[in-house]
């Protein structure tokens, strides 16, 4: 789009409140995941308001349902930006929803904060990505596998963009690392039946399985896996979408398996303790916290810091001030890269214990600088077959 | 036995019956006659409970059954043979009968009345010829052991010698004295032979009524010629 | 060898699951003509019932067995409620039931989400279903065998109900001609309610089996509903025999396609196959003919 | 003899092993009222079904040098053969007028189907008059009484201008006067058509039949005038019964 | 009086169409914000598909549960062109869409190639669905598949179509669908004036479709279609092959859905499997049912209402709106089987039929006998 040229912002920052849009799917298939993001956004807003707001203005959330439908996301973000004149929008989960919102947020010259790990290869001036890009999650996970001496790897994923692209990267990196890919299987999002694919894993006998399945389909996968006699002992799995929210639904079947994230509820830090306590005080003791929730929570605080550094709600001023803005997040300190609008994050590998919590077994030494286009990785060739 | 008091009924907005009253005494047999579209079928549907009344009452054994569902009326001894050779097309002849009663002796009894059905027991009713279906329909209703039998043009589409058969059956049943009959028939001669009172229906109103028997033939013909 | 046995055995289990879901539909749709799009949500109700039963009776070995009759009752009651509140007014316009029940399905999904949260809840596999047996290279899970047993049992029970009791005739009579059935002394109201109760209850049983695969979640029903309908249609309306053959065929064929191509393509190809099949046998596997133009 | 006659030769119809029509020969000539009678289940309706392509049959059925057994039902209709049904079947959602009007559709060019009807075509008006439903012309056909539907079906045949009319029990359920009206109507329109009537009411048959064919168990049992038929002991046995002489339905 | 009635019956509907035209083409652009107008444009696309559904379902009795397939054919055809336009604008005449580089190997399948041409695309939007519908319809109707079989079959097609799209990520963008267009036949898509133009095109198309079905409904073909709906087999004995009659309606409905989809892509800026799958198809149906499937204006107004309702409800009750939506389905179908468009006449007839209203809702004629009936 032609940035900013034609659209003049209608954001009204003259009063003592500032409107922010929360756009998550609270109906449809993705509600399972996105509701949690909504919850932590609400928590963050409450906290910020309690401590004086942003630039002294209370946040006034305008919530919308993305209905798990990319076209609805496109419609709603336009409504939020041009109808409600929100200063920024927080939300989206699937890459489909982000891709649908991207042209709108660019055309309207608004801001979107996207809280989920994704497949990278994207950087928009109007989007801040507070989840991991591939070099902060997938590539470290591969490094971890290499360190474990893994020789053969099986790829299992949902049949959509994120897993497909992630696996393209994994395959190229695996070649570099000398890890052999012995199988690659996809199942449509929300399909529970993994029996046949798991049988193929049984037959292929890989050292490890790299799991890029999204959402509830993980339950079917893990159960089928366990049923056919595969365990963390025989053939461990490393997942990039199973978090504290999902793990309980799989019970003991998932115990001992690994997951790569940038945050776990088990992360030990005072900020995290405070985050967990606040969250559970608000939503109940039984509610776990997880990476996307934390990233969403962080995104609102990052926005606060951005605005306060820029001393303005203006998009251009915020972007100009972005580089180096940081926040002491539950996962540790995160810092915005002004160039690509991603944030530096520490990569963690956790192992799921009997309480469905994740014991950190590996960690990158320091926050990894975001590299959405993998420019720093010589083995990466985007147009390879 | 069965009484309709000042019944008004119809479909949607259109009224088909206007203040019709009719009485079938215990053990009696009554014929209803009238032209196409006069409302004969509508009258019977009201009596059986398939069509709600807009006004008026239906009484069975002196009791108001206006709000009673058809199957409850059947349980109280009402039997109904609808017009149009209706059956359950995907069920066999035997199953059509078994729906009402599974007693072998009872089924055997009605099969004696309609022997042509014996060969068709295993055939689906939807495959039967029109006349075969009509025989089945009457047989099925007789199985419900009615005390009050309501027949809507039972001989329509039936071969002559079976018509005679049916006439004989009705005669035999009424002769027993414990069965009342309400008969809609186009064959006036047959109707009057089989009943002891008649009503003529014209555009939803009773225009003439009287005692039955062959003697009424001329009266009915005149009434219907209007 | 396992390239042959795996899809066969796994597909049979999938077919069994489809069969349980489809059996209920064979009753409510095949026999009564009601296109109940909320049937999937009755499945979901069965799954949540299993979860709740496990919360109350923590001995998983026992709780699954307990969940079966409870799920039948819960889903059956939901079906009964649906019949009494809505469907009973709609028997004369079967295609419209489809749209009404889409609304019901939306309501139930939202309700489940509000009651149990958007996240799935765990259902634990009992110890006696833990494990598998090696059949020619396929580690056939006990759970899959259990599903097959469950389906066969449900089939036998339903078959007996339809064949050996007068209820079977009553239900068929009612759907073929309501008024006539009523005047033959059949209480069509009772028949309708019983049928809906039993048909929906079967979905509840299916829900128990499904919960062992995927736990619970509010969208669980949507996964199965269209395949289940397709099975009933391919099998021929009102024909249990056809439903059984169609369910297992679809299950096994999909498994082979999945093995050869991919899960997505398998779905596409299976749907395509059913379409082609209906070309050959437009009214399903087993056709009931009548005369005339009706 | 012109070629405007319907020829049935050696026709058989089988249903899963049951032979409903068994080697039937018939020649139906124009200008005569031809009656088809016989016991319930004799195969009368099935024969009409075979002629109109509703059930598969073997043998030969020919009309104007056209082999009907190899012709689809709607093409058979287009060649001038029309029928009614034992259970009257009309288009319940359309008005009486529309029912009649669309029956005339085969005589219109396809592209004219896209045009609206303007007024009432004269032949539809005539048909309405003939079947006595003029007053009910705007009524949906679904609400007509049993007999009215049967008339409407006949009216549709009139509008179709069928050269051969096969009427399956057209007067069943009609009162004596109505039968008479219908019979007279058939006689009037029958002079330049081939009309076959299936009927059980012997009085009606007596009054209007030129030729009667009796079917029994899928075969032709007898053929001739009414008098010949009534005298035939086999017909009396299987069909008329002991009431043969006094078969006086009113 | 009588004359006035006849006049009203003939020209009243046209007056209704004219009112809709004025509302959409004159009033709406004047009073709505660009965003709301764009939203309305989206509903208009659904309404165009809805008009076709009214024809096939309301008049023809074919419950087309898979119109998403045709909506998608048009939508994807248009989106492919827009995607190529966007690519060519920055990358020259041989450029390929961005996602093919991201998820694939950067080569474009051959069947994308012709969609570089705008003329080809416009032709394809009409011809493609017509072809597919003809082949499909021919097979289905000749084999006399109908009623519930037909409904479920078409629904399965929508599922299969959406799954196929998801499975062919490298060719169709998969679950993401196609988006990030920049221009529409040379016009900048983010210029408000151009957006208004596209909206006007959509509104005009809707009005044209309404006029087309208006003429169809009053034509003899329209009567024959109703006849086919009510007693399909009987139509044979009027000398028509019902399969052909249904085919015409089915193909027309498919083309309308396709055009609706084609306009949907530039208006919303995206087309993805979730716009064409079984659920999306059911929403198309829902609008038609709500407005009154057998009425002339019902389907279009119903589709607009459902579109508006989804937006309004989800904006006002973002967490509870599916309850309302579910209830809407139930209440409308249960109490107004002929659609909200018929509420007036229904109430009137109720009042007149007093004092004893029917115990059961029997205001519509009984379902066509063959909805579930199995014929040889």
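Just a few scattered comments:
By written order: A, B, C, D and E. Residues from 1 in each chain.
Here is the rule we use: a residue touches a chain if its C-beta (ideal position, glycine included) is under 8 Å from a C-beta of that chain, and two chains touch if they have at least 3 such contacts.
For each chain, UniProt lists the protein as follows: B, D = Urea transport system ATP-binding protein; C, E = Urea transport system permease protein.
Here the structure is a predicted model, which means the values were calculated and not measured.
Both subunit C and subunit D are touched by B, E. Counting only chains that touch, the fewest steps needed to get from subunit A to subunit D is 2. Centroid distances built from C-alpha atoms place A farthest away from subunit B. Summarising the inter-chain layout, the chain whose CA centre lies farthest from the centre of subunit D is A.
No other two chains have as many C-beta pairs in contact as C-E.
Chain centres here are Cα averages; for subunit A and subunit C they lie 36 Å apart.
Averaged Cα coordinates give subunit D a centre that lies 44 Å from the centre of subunit E.
Here the CA centre of subunit B is 50 Å from the CA centre of subunit E. Subunit A and subunit B have centres, each the mean of its CA atoms, that are 75 Å apart. Touching two or more other chains at once are residues 110, 238, 262, 264, 267, 288-294 of subunit C. Contact with two or more other chains is made by residues 26-27, 159, 188 of subunit A.
Among the residues of subunit D, those touching two or more other chains are numbered 85-87, 89.
By the touch rule above, subunit E contacts subunit A in their complex via residues 33-36, 38-39, 42, 101-103, 105-106, 163, 166-167, 169, 174-177, 179-182, 188, 190-192, 268-272, 274-275, 311, 314-315, 318-319, 321-322. Of all the residues in subunit B, the ones that touch subunit C in their complex are 48-50, 69-72, 74-75, 80, 82, 86-91, 95, 98-100, 102, 124, 126-127, 140-141, 144.
Remark: subunit E residues 63, 65, 139, 143-145, 147-149, 151-153, 155-157, 159-160, 163-164, 166-167, 231, 233-234, 278, 282, 285-286, 289, 320, 322-323, 325-330, 333-334, 337, 360-362, 364, 366-367, 369-376 touch subunit C in the complex.
Contact residues of subunit C toward subunit E in the complex are 29, 33, 35, 86, 89-90, 92-96, 98-100, 102-107, 109-110, 175, 226, 229-230, 233, 236-238, 262, 264-265, 267-268, 271-272, 274-275, 278-279, 282-284, 287-290, 293-294.
Residues of subunit E touching subunit D in their complex: 215-216, 218-221, 223-224, 226-227, 229-231, 234-241, 365.
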